[in-house]
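There are two complexes below, and they share chain A, which is joined by chain B in the first and by chain C in the second.
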Partner chain A sequence: MDFLLASLVDGLLIGSVYGLAAMGLTLIWGVMRVTNLAHGAFIALGMFGVYGLFNGGFNPYVGLFLVAGCGLLVGIGIYYVALHRVINAPQLSTLLATFAVNMIILGVGTTLFSTSPRTIDFSLGSFSLGPITVQNTRLLAALASGAITGVLYLFLYRTRPGKYIRAVSSNRAAAELMGISSTHILALSFGLGALLAATAGGLIATFFPFTILSGDTYQLKSFVIGVMGGLGNPFGALIGGLILGLLEGLIPVVMPTTWVPVIEFLLFVIILLVRPNGILGAKR
Partner chain B sequence: MKAATEELRAAPTARQVQLARWTSPGFWLTVVAVALIGLWPLVTGDASLRETFFTALLSLALASSLNIILGFTGYVSFGHVVFFGLGGYVGMVALNQGVPLWGALPLGGLAAGVLAYGLGAAILRLRGSYFALATIGVNEALRAFVNNFPPFGGATGISLQFSVYKSYGGATNALWLAYGLLLTACVAVILLSYAVKTSKFGLGLMAIREDEDAAEVMGVVTPNAKTWAYVLSAIIPGIVGVIFFFKNGNIEPADAFRLQFSIETIVMVMLGGQGTVLGAVLGAVGYQRLRGFLLTYPPVKDLQLAIAGGLLLLIVLFIPAGIVGLIRRKVPALRKFLV
Partner chain C sequence: MPILEVNDITSGYGDVQILWGAALKLEPGLMTCLVGANGVGKTTLLRTVMGQLRPWSGNVRFEGHDISRLPAYKRAERGLVLVPEGRQLFGDMSVLENLEMGATNRRGRPHLKRNLERVFAMFPRLQDRLTQKANTMSGGEQQMLAVGRGIMAEPTLLLIDELSLGLAPVLVLQLFKNLQQLKALGITIMLVEQNVQMSLAVSDYGYVLAQGRTELEGAAATLMRDDHVRAAYLGL
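On to the complex of A and B.
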């Protein structure tokens, strides 16, 4: 029972970071109708960004702000270079354009960093509450994910650019008619997606070892979470992340750990078939 | 009025159309070129050339079959390698049970076809990105499942008993046999792909690609057409999977269900020109040639992934119709050769 409780808490903490990663993916999908196959590469860049800054003497959590800023700029740049020309083309084009970006980032990253695993040698200790021991890095990561979700909410609902993003998301043509420059908003959305991915990557790097290719795993998880929470619904992603974290915490209690991905991806396909708008989304 | 009647009279009969299909110079040029070039290592007995060609032909078979669902029907599948992997597993189990190779090959194809039929009925209802995502999910779910499935050897996979090769004249002969079979499969997939493209069934698929709702209104039974297109695109990878893993000697989940492989196949189809028979062939061979060059050319060896990515980006941004599509548009005189 104690074991169950411990893995439950751990699952929830890690799940909220997964949710943050998925938020970037689902935001990009919601606004741009683009399935971003470079999402994993952005996550990996965030990991290596925080790693590099940490080795340069920065506290990881200070480094995270720099990484977030760079993520935003890189995302906006990539939008103009790789996506702007094909944003209205069939979906295969945007899928492949983002995949090409993924290949470029991973190719250069593999050359620079090799594929050997890295860890950030940083600990904040842990605290115990009854039978549960929680590592402080994980707790802080979960709190940060919650805080970032809150800021994103305020941004989308209380600021002008945020409202523009929601307008473009619900109807691009109508938003253009209202005088919103959709190109800038699409670029900003892609930048925000990259920012969220890089931040999530940075947070994950504080407690898990990683390589330049680790992003792929989290990208797949992001797909699963995005679909659970409803693609295009950033706040559903947080819930989806918590559900996935719970599953990852609880499934090993009843069956071997290797069954976790089987259940995850089966659930993914089933939800796509039965409730394509997500568990929380409106029924079609 | 008179001109109209003449035109009506001049319109080809169904039989003439059928005949014209199979006398297309571009199609025969493709088939003969692939067959002749493919036979070259067999004639010269050059084993290293055989290995190079094997990789290229493997890509050709997968890209051409993917083209049926991706290029003709317009459904982006990230799970094409699933059929290759499943075929491989079924083939390996059968071979180890003493089933001869000629029996294992259709078994692999059959397993892939049945899986495609079942899957298709479920996930082909999804459109656009949702379908693409579902195929990723299927691929990952199946890989994770096989990892835990004892009859398929779990995470360690299955090794072919060495005695199996004995019936085919030893391991060296088996390599040549595998090559010959793969070449046959390649010619078969080009024939199949061309037959689909020029048939009424293929016309229905292309109508679905352009506008699924309109196709349905015009009388295409879209769920059936899509499912059969999916089944047809799955059978060849299933057979090729048996050939590949027979040659390889062992199979593991990570090799059999490599997502990257599916994505590379999509890149090949895009590179050559989606929706054209020749495009898938040229794309597959071109991509493998390029990859081979980048891997062995020292200054760019480490950056081969990045360079391939850059190239893909340029194609997607500037020539979305692929090489064949570009030539078709620029040089109309060549169109009858570019099937």
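On to the complex of A and C.
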């Protein structure tokens, strides 16, 4: 029973970071209708970013801010280089463009970093609450994910660029008529998606070992969460992440860990069949 | 000097040519209407004027400047504003946010407050529904919002595509009155309408688009007496 409780709490904490990663994927999908296959690569870059900065003497949480900023800029750059020209082409073109970006990042990353696992040798200790022991890095990651979700929400609903993102997402042609450059807004959205992915990656790296290829797993989780929470909805993604985290905490209690992905993707398929717009029923 | 000049525009989609030489001259302060059969290219002409479509040949001049190469999103801040066919609201955004987006260009922003009051005076119904999402409003309310969003941009020239389509006669009448109010404020208006009778009745000048060309033009009162117009568009 105590073991169950402990793994539930752990699942929730980690799940919120999954939710953060998924937000990056769903934001890009929601605004620009692009399935970003470089999402996992952005997550991995975030991991290596924090890792590199940590080894260069930065506190990982300070490094996270730098990684977030770089994620934004790199995302914007990639939009202009790889996506802008095909943004109005059929979705297969943008899919392949992000796939190409993914392959480039992973290829260069493998050459530079090899695929041997890394860890950030950093601990904030842990605390116990009755029968549960919580690692502070995980608690902090969960708090950060919650805070970033809130900030993203405020950004989208209270600031002018945020409203532009929603307007472009809702009706690109009408947004242009109002005087909004949809190109700039699409680039910004892609940058924000990369920022969220890289930040989630950086947070994960503070408590899990990783390689340049680790992003793949989290990319798949992001897809599952995306269909759960409804694509294009930050809170939906956070809740989807928590559900997935709970499942990951629960499943190993009743069956071998190898079943985790099986159950996750079974869930994925069932949701797609039953509620194609996500459990939280987002639009479209 | 005409506020808008469309000079022998040809344009279309892909390989399909729709406009074969459309020409317009809008005089400032007047209300002009553009009529024509369904599918003749009225909306296509407006899209070309707004820069959503590139003209294949010919040019568009606004307030004396050739704007043919100006990106679409830079036209609103010049005062060239379109209320598009089918309303094209931001469906997931609130009524107030839709109005704010209308005023978001550099030209409209300083006048946000005054124009908001103007819109509310014209459409009190919108003021009661500020937080409602645009796509949950009735068709009539959505059209009010679409026009309101256009007014928020502080236009010098307001192009309106299918104002009356699908609306109850009472509301159509009210909207046409609202256009007169806008005209009285000094806004030049071009109406693109199915409702030929009514739009000619409120307009000063009119154009008839046929076979991709502006085939006929003249004072609205004259057009209304024209045999061809009466037979083809007024069913008389």
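By our rule, the second predicted complex is superposed on the first by the 281 of 284 C-alpha atoms of A that agree within 3 Å, B and C clash if a C-alpha of one lies under 4 Å from a C-alpha of the other, contacts with A are read in each partner's own complex, and residues count from 1 in each chain.
The rule is simple: a contact is a pair of C-beta atoms (placed from the backbone, for glycine too) under 8 Å apart; a residue touches a chain by one contact, two chains touch by 3 or more.
These figures come from a predicted structure and were not determined experimentally.
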Ask   = Looking at chain A, does chain B or chain C touch a larger number of its residues?
value = B
Task = Tell me which partner A:163 touches in the superposition: chain B (first), chain C (second), both or neither.
result = second
Partner chain in contact with A:273 - chain B first, chain C second, else both or neither = first
Query = Just chain B (first), just chain C (second), both, or neither: which does A:253 touch?
reply = neither
Inquiry  = If we overlay the two complexes on their shared chain A, which of chain B and chain C does A:99 touch? Say first, second, both or neither.
reply    = first
Query = Touching A:62, do we find chain B (first), chain C (second), both, or neither?
reply = neither
Touching partner for A:177 - first (chain B), second (chain C), both, neither = second
Inquiry  = With both complexes overlaid on chain A, does A:154 touch chain B (first), chain C (second), both or neither?
reply    = neither
Query = Once the two structures are fitted together, what part of chain A is touched by chain B and by chain C alike?
reply = none
Request  = Sort out for me which residues of chain C touch chain A in the complex.
outcome  = 50, 52, 71-77, 81-82, 84, 88-93, 97, 100-102, 104-106, 108, 149, 153
Message = For a test of understanding, state which residues of chain B touch chain A in their complex under the given definition.
response = 70, 74, 76, 122-123, 125-126, 128-130, 132-134, 136-138, 140-141, 143-145, 147-148, 155, 263, 266-267, 270, 274, 302-310, 312-313, 316-317, 320
Residue numbers on chain A that touch chain C, as the complex places them = 160, 163-164, 166-167, 169-171, 173-182, 283
Note = Contacts from chain A onto chain B in the complex sit at residues 29, 33, 35, 82, 85-86, 89-93, 95-97, 99-104, 106-108, 110-111, 220, 223-224, 227, 231, 256, 258-262, 264-266, 268-269, 272-273, 276
